[in-house]
Amino acid sequence: MNDDTTTTSVATDDQLIETDPGMGGLSEREESTPVTESTVIESRHLNVWYNDTQAIRDVSMEIPENQVTAMIGPSGCGKSTFLRCINRMNDLIDAARVEGELLFNGKDVYDEDVDPVALRRRIGMVFQQPNPFPKSIYDNVAYGLRVQDRTDNLDERVERALKRAALWDEVSDQLDESGLELSGGQQQRLCIARAIAADPEVILMDEPASALDPVATSKIEDLIDDLSEEYTVVIVTHNMQQAARISDKTAVFLTGGELVEFGNTNEIFENPESDRVEDYITGKFG
Amino acid sequence: MNDDTTTTSVATDDQLIETDPGMGGLSEREESTPVTESTVIESRHLNVWYNDTQAIRDVSMEIPENQVTAMIGPSGCGKSTFLRCINRMNDLIDAARVEGELLFNGKDVYDEDVDPVALRRRIGMVFQQPNPFPKSIYDNVAYGLRVQDRTDNLDERVERALKRAALWDEVSDQLDESGLELSGGQQQRLCIARAIAADPEVILMDEPASALDPVATSKIEDLIDDLSEEYTVVIVTHNMQQAARISDKTAVFLTGGELVEFGNTNEIFENPESDRVEDYITGKFG
Amino acid sequence: TGEDNPDNSFGPGGSGGAEGEGLVGNISLAGSSTVFPIASAVAEEFQRKHAGVDITVQSTGSGGGFANFFCKGRTDFNNASRSIAEEEKRNCSENGVEWHKINVATDALTVIVNNETDFVDHLTVEELRSIWKPDPVETWSEVRDGFPDETIERYGAAETSGTFDYFTEAVVGEEGAHTQAYQATEDDNQIVTGVSGSQYAIGYFGFAFYQGNTDRVKALGIDNGDGPVKPSLETAQSGEYAPLSRPLFTYAAQDSMTKKHIAEFARFYVRQSANRELIAESIGYVPNTDEQMREQLDQLNQFIQQA
Amino acid sequence: MTAAESAESRDTEFGSVSQVKGVAFEYLTLAASLVGIVALAVLLGYVSADALGVGPAEPAWFLVFLLTLVVPAIGFVWYAARTPGVADVLERLVVRVIGGAELAVALVVLFIVSDVQFWFLLYTVGVVPAAALVLYGRVADDPRVEFPVPLVVLVVGLLAGYLLKGPVDTFPIDVLIALWMLGVPVASYFGLRWRARAGTVAGVLVGLGILAGATAAGFGLAAVSGLGPEAGFVVALTPGVLVASYAAEVALDEPVGRRGLLFPVVLLVGALLGQAVVTALGLAGPEPWLDAQFLTSAPSRFAEQAGLYPAIIGSVFIISLVAVFSFVFGVGCAVYLEEYAPQSGYGGMATNVVQVNIANLAGVPSVVYGLLGLGIFVNLIGLGFGIVLVAAMTLSLLILPIVIISSQEAIRSVPDSQRQAAYGMGATRWQTVKSVVIPEAVPGILTGSILALGRAIGETAPLIIIGLPTTVFNAPTGLFGKGSAMPMTIYGWAFLPDEAFREGVLAAGVVTLMVILLSINSVAIYVRNNYQRGS
Amino acid sequence: MSAEPADLTGGTEARSLRERLVHAAFLLCAIVSVLTTVGIVGALLVDAVGFFTNYSLGRFLGGTNWSPGIHPVSFGVLPLVFGTIVVTITSAAVALPIGVLTAIYLSEYASDRVRTYLKPALEILAGVPTIVYGILALVYLTPFLKATLFPSISTFNVLSASLMVGIMIVPMVASISEDAMNAVPDSLRQAGYGLGATKFEVSTGIVVPAAISGIVSSFILALSRAIGETMIVVVAAGSNARLPSVRYDELLGLSIPYVHPADVFLEPAQPMTSAMVQLASSDITGGSLGYNALFAIGITLFVITLAMNVVSELIVRRYREEYQ
């Protein structure tokens, strides 16, 4: 296949990329970009089908530790599918079938002996629509810890997670109230708090701000920026500006499930290698 | 109200407007535009509410005979509502309330003594989603004639309607099969055939091509062009290019249910009076 | 009610070929559940002979039958395990329903104990009363000196039944004056089971049921002042077995007797009341003697004449 | 640093979260789902064993029939299940047999319980002319026979028929009546169908063939079964023609599917073979309580002679009436609430009240409906005790809320775009309802209504309260006739002292009731699975 | 302007006449359901009022002795209420857990194929006539229990009747609960799995709590059905209107009263419904106090089930709002 060349070339890029602070016109995160990167997640020739339609086509890429990696691309190009492969959420869809390798810390998550439940405990996830449980704020945050039987210092951990998610100040006196009573933006931060309470290594976010108003969105963006100090964040977004603002690396998928380009965010946005990516970024289609 | 001035100015335009064939860069229908127009439908200070929200605000306009009149505007601006007032389909919505006059051939359709059923028999309608009945193709087309007890020469009329809707060649040997088995574009043409079988004077179309692929869309557009030789067509569309291609007159609604501009299509698209309309047409919002 | 439909040759239960004596019409009976087996057996027999006649038998209880059916002129016969009450008479006459009472059999209420109970063979009415009256004795030794000092377990008929009514009146002598300290049941099987389960149990039910269970329980003799009498067809027929033998009736409505098929059915009913095979062996009640039956038949014929 | 290298410093053992609890729980839920079904199946197994009197049968007897009948039948079904066309044919064949048998029973019952001559008059003077007018109007497009005219003709005709009942006293014999009322329409229908397929000659031949064949089969059946020739005629006409016509079409059109038609042959041959073997070996078979005698005789105090016949007829009659009443009023009410009732303002509030009221009626215990029937139909209106009509009216009210609610759901599932399309064409509300909404909703309405009828056929408590007799010896005659119903007769048997009743006759009654009920419900489920929207 | 002024004044007379006739006919059908309620209330009230003018409501509701035949007659409804409650609670103890587990299986675990077979099978369970259940209990289940677990069980007893009522109401609990569980948005399940919860934890910790109001409402409806169930108890539970006998245990010189479960479950009892059937076919004179007691029980039953339906309706309405 022709396009493979592009994809493969991306995968064989250096792991050590020096960031150029001067070039970061679009990226606001220049200061926090680390100099060396170690790979947390690596996909090798990953293919995903839903029944007979292929949603991911031979994708290879490496996601670095403690950085924000954004995935962009037109609707239906397989961004969510890729994300959901990482923590094997696709297992829940009967029709989904995965081929190729997907390594988490060097271990293929689709190996026989991997328990997806255990995997997911190390990879948190935040969804497009805020989806707090119809339980109290406290119980929402404590949920992950409880299912993992890590209930020591529960109060402390809940508090820490809420603080980390920049929600503590707003909800500290209403921890017993239902999570559903918060505003949309607060709910989404609650979901983030819930995801980080159990100390995952990676946080996957599927368009976490697309259902929110601009003010709430900017809070979430700030938060993601913060989180990348401690966590590896992989985020899917429709919003190109957002990807440019918050991510260190960007992966561009195009229709058919191909990864067309992957690299440092500022490079992708300022100087994309492929014309198709340039067309997409400049809004010629999508 | 400030905006009224615009609207009113439209309504007090001459009834006899001379078209300027030379200006029709966008319109492809120049050749068939008649020189004199007689008004079939006229609204005077029409206001429509759904419960307490106003969907149409003081709209006055005149729709000429045997021409295609397009209504465009951003989502929720009341285009469908206006269309559904014409054949009183809004009667079916309990919450809807209409004020002002809406004349059909000079008779206010909201008069006490008007039977909406009789009205609808003279004004056909085609909807956004193709909605054939789960009956045979023949029965679909014959439906209107049957409910009107006009069952003489049924076969002939059905054939004529299907031919008129450019569907006869494709379905003539499967008239007994279910209308649901046709493709989306065929279904929509079937719905048009169904609407014209009963010989209405006016045909209302609410985004008739928005659910179809480009090929089917262009067939429908050709068909509309044809139909305007015999019928008065009022069409709602989201697609500005489509409005420009197929209509003689265009009405631009903007949010809040106001009619901001109404006039010959080529004039509206090339030289809109109002800045807001220009912004809308050039894609600045909507 | 109902259209007569003689031309109804469809079903196998229908008239088919043989039309008997050509009697045709509907007959409806309601009333006592005690008399119900007799009534439906007689109906079944009559039906066999006269396929054109359509009989329905409802078991509604004597009182329900009078109140809801018979005295409203809705049934031709009302079976009753007791005589018609004053209130019911009034009810009937208000509606212009004239009636005639027919004695169709005798039921002997049987007092039973466990087969293994050897300390008691018979009881006097007085002793029986002390066991079943509203504020009864608690142990056998209080019933008669020499009986063991054991608590009595009682099994009897449900208080909404005619058996209960009759037993109470006959033994305690007052309507509804019956102890509440007993296992009440609709199912005679349960009384048998209960009594056969304990040496110190006592129970009562219809003679019919005792006949089928002589191997499991023992019937007590009743001493009404003339020495103990065991229940049997003979002692009940002769009236010796007192006061626990009670006549069973059916009440015939006068208006109905004008119809030939109903009058014929009434006569048939009376004739069957002396049918030992049917009443005694098949159902288990005490049949009328031939003499009693002929007397009943004469009275009935008179009544039919009047109608 | 490659991924593999970085992994060294990390924990790549994900471990596994104990799934034992989860698996145990899954099996627990599965077990819970099955426990009720299994318990019922076991108990019904016992009842069936009693009803069929398997006690005296020798094991070898079962073995013979297992080998000759059960194994081949199961084998055939297994084969059919794996051969797509055949499975379809088999399923449709079975449903037609069941459905046809139900229809036949209903029609036979109609002939038994009612005055056939009266129906004949109504049909001839009322229905036929009205139908002819409608047909003529369609064909000739004559505006003179528009809407009210056929209706008026129908009403006048029915009235005339009713009045004629007195004066007219010579009628054709029942066979001819059945031929005229049933045979002619059925024969014309299938005749027309075959004319469309194979031409006029074939159509006429098929029509005449059906008439002749059904008559012959009717008299034949009558000769062997003891039923009247009309009954045999009805049986031959309904399931017979239904199945035969389907079989003929399959045989001609479906080269693969036609193998499904072998199933009855397999059954028949297996049964005959098995019978021959057990006779030859002299094996003792079961002594069933549930046999032809049980189904065709009246109750009796002798267990061996006792039967359920009048109660079966009573039940079927009552249920037919219930079907009519509850269907008419239930669907009418549902249509009103969904299509006509005001949704806002005071009218909307009233609608809401009615809606809540219906939901509540669905929860009222059935025994309370008995009191309703007793208080209103018996005592207030004075229709009479223990009669079929009162039983039918009471049971109709009982299932009315269920029918309404399920019909509403069916109507609601008709997409609004269909209604819009119809209104947009200038259809009136009634035309929209009649030609768009109801045809679409019919499968859902039917499914719900049939399931509700299943409930009605087993209801006992309200019948006790309104005083339906437990013992009748004849089938009911007419609406005001006294009749019993299966559950009532069974209830009566439950308390008889004779063991033979409790263990044999009672079981036979229960099995009869269950078989009738399940065959009704299976039709409902078939309708639901095969005519759901979008199929 | 168009020359001819539009004539839109409606169709032919026939059309509007037909429309009006049809409308009236449908309205009539709807009125039937209202009349049914009026009929029920009326039929019950007339005779119940007759009863309560002669027997005070307080004595009826508070009385501990039900003896319509034994003089002095007494109509304390508590023994009947006791019978109803015991049967209801016992059957609920069987049906509620089984029903909820079934619902969980259907909504969370079962494959589509299994579901297409299981659901109709459960429907059959709900469709079996209650008289059949009653006979199964009396003729098969009770003797079985007697032969195996409880040699001292009575021919008529609470236990087998309740077990059968339980089996009968399982489908009701299962199907309403399953609806409620299906209404739980999938996003909540996803969130749970995303946090590393197992299927078991998601089903029990997220889906069930989120569907709880629907589940509770299914409980209430099922209980209401059990309360109104008639034929099973008439046939299998006997007709002893009684409160449970109290036993005494000597403990430290005190005699402690207690109720032995065997006295409750292995013995007959008489729920309200079965008392109604008994009265309706009894020897009690029509129009008498005892006969009218039938209607007094009837209206009590009606009020109880009505209240339960209303409560469950309110709960359902609330949970529908939750996920709108």
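Order of writing sets the labels: A, B, C, D and E. Residues in every chain begin at 1.
Please note the rule applied: a contact is a pair of C-beta atoms (placed from the backbone, for glycine too) under 8 Å apart; a residue touches a chain by one contact, two chains touch by 3 or more.
Because the structure is predicted, anything quoted here is derived from the model rather than measured.
Using the contact threshold fixed earlier, the set of chains in contact with both chain C and chain E is D. Ranked by the number of C-beta pairs in contact, the top chain pair here is D-E. Distances between chain centres, each the mean of the C-alpha atoms, put B farthest from chain E. Chain centres here are C-alpha means, and the one lying farthest from chain D is A.
With centres set at the average Cα position, the gap from chain A to chain E is 51 Å. Between chain A and chain C, the centres computed from C-alpha atoms are 87 Å apart.
Mean C-alpha position of chain B lies 55 Å from that of chain E. Here the CA centre of chain B is 85 Å from the CA centre of chain C.
With touch defined as above, residues shared between interfaces to two or more other chains in chain E number as follows: 11, 15, 196, 198, 201, 280-281.
Those residues of chain A in touch with two or more other chains are numbered 117-119, 121-122.
Residues of chain D in contact with at least two other chains: 17, 19, 146, 428.
On chain A, the positions that touch chain E within their shared complex are 87, 89, 92, 117-122, 124-125, 127, 129, 131-135, 143-144, 147-148, 180, 191, 194-195, 198, 204. Those residues of chain D that touch chain E in the complex are listed here as 17, 19, 21-22, 25-26, 28-33, 35-37, 39-40, 43-44, 46-47, 146-148, 328-333, 335-337, 339-341, 354, 356-372, 374-376, 380, 397, 400-401, 404, 428-430, 433, 451, 454-455, 457-461, 464-465, 487, 490-491, 494, 502-503, 506-507, 510, 513-514, 517-518, 521, 525. Against chain D, in their complex, chain E makes its touches with residues 11, 14-15, 17-19, 22-23, 25-30, 32-34, 36-37, 39-40, 42-44, 46-47, 97-98, 101-102, 104-106, 108-110, 118, 120-125, 127-132, 134-136, 138-141, 167, 170-171, 174, 196, 198-201, 203-204, 221, 224-225, 227-231, 234-235, 273, 276-277, 280-281, 294-295, 298, 301-302, 305-306, 308-310, 313.
Within the complex formed with chain B, the chain D residues making contact are 138, 141, 143, 146, 342-345, 348, 415, 417-428, 431, 435-436, 439-440. For chain E in complex with chain A, the residues that touch the partner chain are 185, 187-198, 201, 205-206, 209-210, 322.
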